[in-house]
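When the chains are written out, they are named A, B, C and D in that same order, and each has its own residue count from 1.
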Amino acid sequence: MTFGDLTYEAFAFGFFTILTLGGALGVVANRNLVRGAVWLIVSLFGVAGYFVLLSAPFLAAVQVLVYIGAIGILFTFAVMLTRSMTNLNERYNQQWWIAAVTSIALFGMLVLLVILPVFGEQETAVSDVVATTADLGVALVSGDAYVLPFEVASLLLTAAMIGAIVIAREEE
Amino acid sequence: MVPLWMFLTAAAGLFAIGAYGVLSRRNAVAILMSVELMLNAVNINLVAFWRFQTPMDMSGQAFAAFVFVVAAAEAAVGLAIIISVYRGRRSVTVDDVDLLRW
Amino acid sequence: MDRTIGTLIKIAVPIVIGVVVILILNSITSASCLNDFEGCLVDGGMDTDLAGLIAISLGVVLVATFPLLVTILLIWIERKFAARIQDRIGPNRVGPIGLVQPLADVVKLLGKEDITPAGADKWLYNASPVMMVMSVLLIWAVMPLTPYHYGIDLEIGILYFIAVASIGTLAVIMAGWSSNNKYALLGAFRVVAQLISYEVPLALALLVPVMLAGSMSMVGIVEAQAGMWFLFSAPIAAFLFFISSQAETGRAPFDLLEAESELVAGYNIEYSGMKFAMFFAGEFMHVFTNGVLMAVIFTGGWYGPFAREAPLLAFTYLMLKSGFWYLLSLLMRNALPRVRIDQLMTFNWKFLVPLSIANLLMTAFLLKLVQEGGLAPSPEEASDFIANIPQTVVLFLGNVALAAFVMTLIRNQGREERLAEDAGEPSDLTVTPAPAGD
Amino acid sequence: MDVNFNDLDFLPWLIPVGPLLAFLIITLLTNRSQLVPATDSHEYGGHHPDYDGMMVPVVTPWSRVASIVVGMAGASAAFLISWTVFFRTVGIDQFGKDDKVYGSALDWMATGVTHFRMGVLVDPLTTVLLFMVPLAVMCIFIYSIGYMAHDPRQARFFSLISLFAGAMLTLVVADNLLLLFVGWEVMGVCSYMLIGFWYEKESAYNAAIKAFTVTRVADVIMLLGIAYLYFMTGTLSFREILYNPDVLDMLANTDAIIFGGFGFSAAGLIGILLITGTIGKSAQFPFHVWLPDAMEGPTPVSAMIHAAAMVSAGVYAIIRMYPLFEAGGHPHEGDLTSPLMLMTIVGGFTALFAATIAVAQRDVKRVLAYSTISQLGFMMAALGIGAYIAAFFHLITHAFFKALLFMAAGSVIHAMEHGEHHVHEHHHGHDHDHDHAPETPAIGDEAGAHPPAEETAALDDPGQHPGKHDEPHFDPQDMFNMGGLKDRIPVTWLTFLAGGLSLAGFPLITAGFWSKDEILADAWYILSDYGSGAHGYVFFMLAIAAFLTAFYTSRQLCLTFLGEPRTEEAAHAGLGGSRDIISITMQLPLVILAFFAIFAGFVGVPPEFPIFGAILSPDVNPFFEFTKYSLLVEIQPAKPPFNWIPVLTSFGVALGGLWLGYVMYGRKPLKAGEEDPLKKMMSPAIYTTLENKYYIDELYQLVFVKPSQWFSRVVVSEFVDRGVIDGFLHLVARAFTFTGDLLKVFNLWLIDGVGDGIPQGLGRFGLWFRRVQTGRIQQYLLYAAIAAVLIGVIFVVSTGLLQAAG
């Protein structure tokens, strides 16, 4: 489906890019941290959109669920619990300009090293047939594939949960 | 279809912005948020390469799923630490937390 | 005798007329554009792309508008229902039997002053009611309304539902924070704690029908119930889902977020006029959406006699089933007292969550057993009622056994607590009301 | 892999399981102790110096018994399975040739497109070790029952030593380098914990840290080698690399990533890295320093480290990887590759170097420690010149007689402590409150009433023994305090004699003779046929070392056992009643090992050897024949023809050394307080140097330890002033005991010039440099990011990616 040269997908991609990068800039530049958390959510929502474009609906849904439903809330909570800092006079430390230069250099390096080699190639995927969510599910629990990392991940989550509780609870 | 390099460029941009946030923000929560951005940039790359090059192999998606796990764990523990530090020092400015120097 | 016949005729005539009307409508529409709008446009000579765009846009508008319109009716139904329970008449002035009352309310709300409190974060303050409504509306995108009409058949429909519903939590906390009001923020905290907690049993309960259907797609789940409703093979999951979705809407008996007697009005205290109305519209819609979800996931969705032949009939079935669940939740709201925050959390973490985990494990185990034992219906006869019976019986018995086990545990626990109380130790779990008379 | 206990492919998996399980059970279940005040504790005799006035954990009685039982059960299981495997494989014709081996592997880790496999392998090399290691382990375990009978941390000991044994067995049955490395590292940890077992003693924990650090340095280098090997070949499986001539050729013909331009192949680099690791583990120069100090641990641990496990592991690893080291060269024709050259030089030098040190030691265990280093040098040198079967043979025989010697030495010390106890009881007993403590009548108990915490001379601080005795602390390990023990502990004497003769290579009837002779024969054969200088070097170095070995063995035997007791303690030495359980558990292993120390050599007698060859190996050398299929056929050394020169050399050095030792120490036994006659013979300077082990420890202390201490503590000027200048002063002072009066001038110059300049300069540098350390994570991160960008830039520039893309 095209309207002139602009495909729906390209349009969607542009929209999600604006969300993602705009949201990211919002996170980095915002003075107000609750706003920052909202920007983060916007940005991550854009990333979820990318996943949809890349035919990974499961990841998109998990992205929304985990980031927006859980991590976003968590950040908002943290910001509110440590409220006195929501309006800092100085957003950035002294090294912000070196950091800016470094980040731009990092971006340039990524473009140079990762993107230039594939530029112009891979206009389309090698196949339109894509593994389904069911395949992912099988792979995650299959003994030939990722069952061990999967279990380790669950262990990690348990440990993180317990650790977070222990660290954050008030001393009695 | 949107070509691969566009996804990669967007991810690189997201990564660089996140890196800038990590390197320059003074607030620990903001730093953690920026770290989340960087992790997501990685995820975009993983999924993009998966889609374009090995769409029948589950490694890309599986790794992205594990990144979710790591991100969730990181956020939980990181924020817990921040809250704990805040309780002790009434501040979440990372410049103030420099007991490790010298 | 005459009265009986008269009553029967009174009941039967509208039904017959309704069925006839539906069938006539269906015969007109099914032949034409209702079932295949896009094809219809293309046949009419339209450009394919444009037809697709129009079809999609129209679908979006329809799917999004329908719940909003239904809400207006729902408000009336709810008020009438509550009134009956409280031995009142309910709205009866505006329009016939008060049917137009909600519209009047809307007009009233629109006329109210739209306040933004000083010091509020304007941007978020205005965005959160929208998000609240959005989080419910988005659910409808995957709802199979008839065999042929649904927004989209996502492979991961259930997950999509859970993900989208979690946006509502965000709306609440944003509303609470941006109002720059202590009560609003406290209310928001409580709500978020409640919503996040009840998402756990909700998600775990939903895994059971996913397992039974072998699919996360809503359409797939409905199709899988062709032979047998999941309500019968997974009653505990249905119970869990019903309870926790009720809690997710934040209505009585879980209405801590707007416990007027404790918290002024909860997170939305600063809102007025239409924005306040949007929160409420979102809530009403959410309740009804939960009814529809119960219908779709546990009671066969649009399935019914001749459903495939007559999509409108299928839609009617869906609405009837949803209506049943909706009324049940209204009954719950009006008949049960509000729980305390600690009871709320205890109920969730010490009862619902363990039960949902046990239920999940048990179902997985029994299902595997059934499949290995050859009792499961083969794919060809999956829609055959008889073929489904053995599997359903096994699963149902398993559920009954689990329920009995849990009830025994609770009874023993209760007995111990009573004994402890008699011995003078205060219980920390539940507070039993003081004995009334003896 | 199927679980089938009759299946030799499966059985090796079970070998390490027993001890590892024992470790877990003891650690988690049976290690139960309670805190009691040390003075109330019967276990310490109420007066143990190291624990005075402290609350000490004492294992509960059932825990002691349970731990012993569990530990023994684990070791026995490993022993039985190992020997089952041994006896079922030993008879197989041409075992090990081509694919005639047993083992199985599991997918362990997905690494990209390949899977990393972990598994077990039984080939002739493994089989032989499966005979030796479990046997030695068993003996050590039995011995430990008696030796550790009264230690308060018995359970801990058995759990650690079980883990140690399990790790060694894992290493033995591993089929790939990584699993071998895992066992290797676990042993490193165990040795650390066991050497520091009596961690109340400063010397013990220092020794533990030393052993750990030194071997760690070597291990890191070894890990680099493993990583590089994996990078080059994509596998770490022994058989995939070493039985694959293509891979070996590839490695030999690829330039290494560093120094590649000098004809230095990847195989050479990998070899050198791996060998460095084994040099650390096998305590070769310059990494030998940890081994003598390792005697701070309980004696069974010393036996374990010196004989059965750690140091053998190093040599074993080299033999395993031998084709890799050899790739690209022909050692049997005098053409050595750089790793082999390294081994040759280091091994030959260490053999002689350590032997000279051993000559002048007074401590009975220290002599043995240096002799271990020396003997490992023998093996290294033999490996370097290609005689890997001879080296392997020597590894086995050495394990037997060295384990024996250590345990015998342990029982000597035990006996001496018993004598010491007796003496003190006699003199001072009535003044001490331990008389009021309940004393058990069993003599064995008394012997053990001192946990051998005072074993080493390193703790010679009388101040640490308040109220115990006033005279200078008696050292039960000093050989000059012994003498005449022959009649007091006859079983120990006989077994010690057997082990000592074997170590000395007493001709024809001891195992040590045959293995040493084979090394010399191999060296001589290539030397005479190809005129290879390396082989000549090895031959002469080893011959001299063998002579010294015989000499110090003879010295040790004479000083310890012959003559008259030189102290009262020695006169009352004894192990307790002969039917006492402790005495039995300490003597039984000695007897078993003595048997093998004598007779184990007879499996490797060359058939051409007159008389013995005809009787013991009429057709072929059985050991040689069995093990030769461990590696590729092309690599096997040619069988050296019989030649009288090396045989006579062996005879000559062994008998000559023994005779010289006897002449100096045995014929006219030393009187109490008499000087070492060696001191009179040599100039005192040389003797002192030898006695102080060439000051290597002091040198290391100065070169490595102290500098790292400055860098860790950055309280600069004061520290530098004290540490560095005094360090320099001490160095200079020591150096001047040899060289004379130059000291004062040098010293003055140092203080005036460098002394003020260096510390101040360092101080300023430190003050300036510490600003890098701001404690701000973001700043560190920024450095990392900048570094990443720079690396990227370098990568772009170096690969010409820009041009390619542009």
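Here, a residue touches a chain if its C-beta (ideal position, glycine included) is under 8 Å from a C-beta of that chain, and two chains touch if they have at least 3 such contacts.
Keep in mind it's a predicted model, so treat the numbers as computed, not measured.
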- Message: Taking each chain's centre as the mean of its C-alpha atoms, which one lies nearest the mean of all protein C-alpha atoms here?
- Response: B
- Query: Out of A-D and B-D, which chain pair has the most contact pairs?
  - Reply: A-D
- Note on the structure: Note: chain D sits from chain A at a C-alpha centroid distance in Å of 53
- Cα centre of chain B to Cα centre of chain D, whole Å, reads 48
- Separation of chain A from chain B, taking each centre as the mean of its C-alpha atoms, in whole Å: 7
- Item | Geometric centre distance via CA averages, chain D-chain C, whole Å | 73
- Which positions in chain A touch two or more other chains at once? 58, 62, 70, 77, 93, 95, 98-99, 102-103, 106, 119
- Name the residues of chain D that each touch 2 or more other chains. 776, 778, 782, 785
- Message: Where in chain C do residues touch two or more of the other chains?
- Response: none
- Message: Which residues of chain B touch chain D once you look at their complex with the stated criterion?
- Response: 19, 22-24, 31, 94-95, 97-102
- Message: For a test of understanding, state which residues of chain A touch chain C in their complex under the given definition.
- Response: 1-3, 32, 34-35, 38, 41, 57-58, 61-62, 64-65, 68-70, 72-73, 76-77, 80, 132-133
- Query: Once bound in the complex, which stretches of chain C touch chain A?
  - Reply: 48-49, 52-53, 121, 123-124, 154-156, 159-160, 162-164, 166-167, 169-170, 173-174, 177-178, 185, 189, 192, 196, 199, 216
- Item | Interface residues, chain A side, partner chain B - complex | 9-10, 13, 17, 20-21, 24-25, 27-28, 33, 36-37, 40, 43-44, 47, 50-51, 53-56, 58-59, 62-63, 66-67, 70-71, 74-75, 77-79, 81-82, 84-85, 88, 90-93, 95-96, 98-100, 102-104, 106-107, 110-111, 114-115, 118-127, 129-131, 135-136, 139-140, 145-146, 149, 153, 156-157, 159-161, 163-165, 167-168, 170
- Note on the structure: Residue set of chain D touching chain A in the complex reads 776, 778-779, 782, 785-786, 788-789, 792-793, 795-796, 801-802, 805
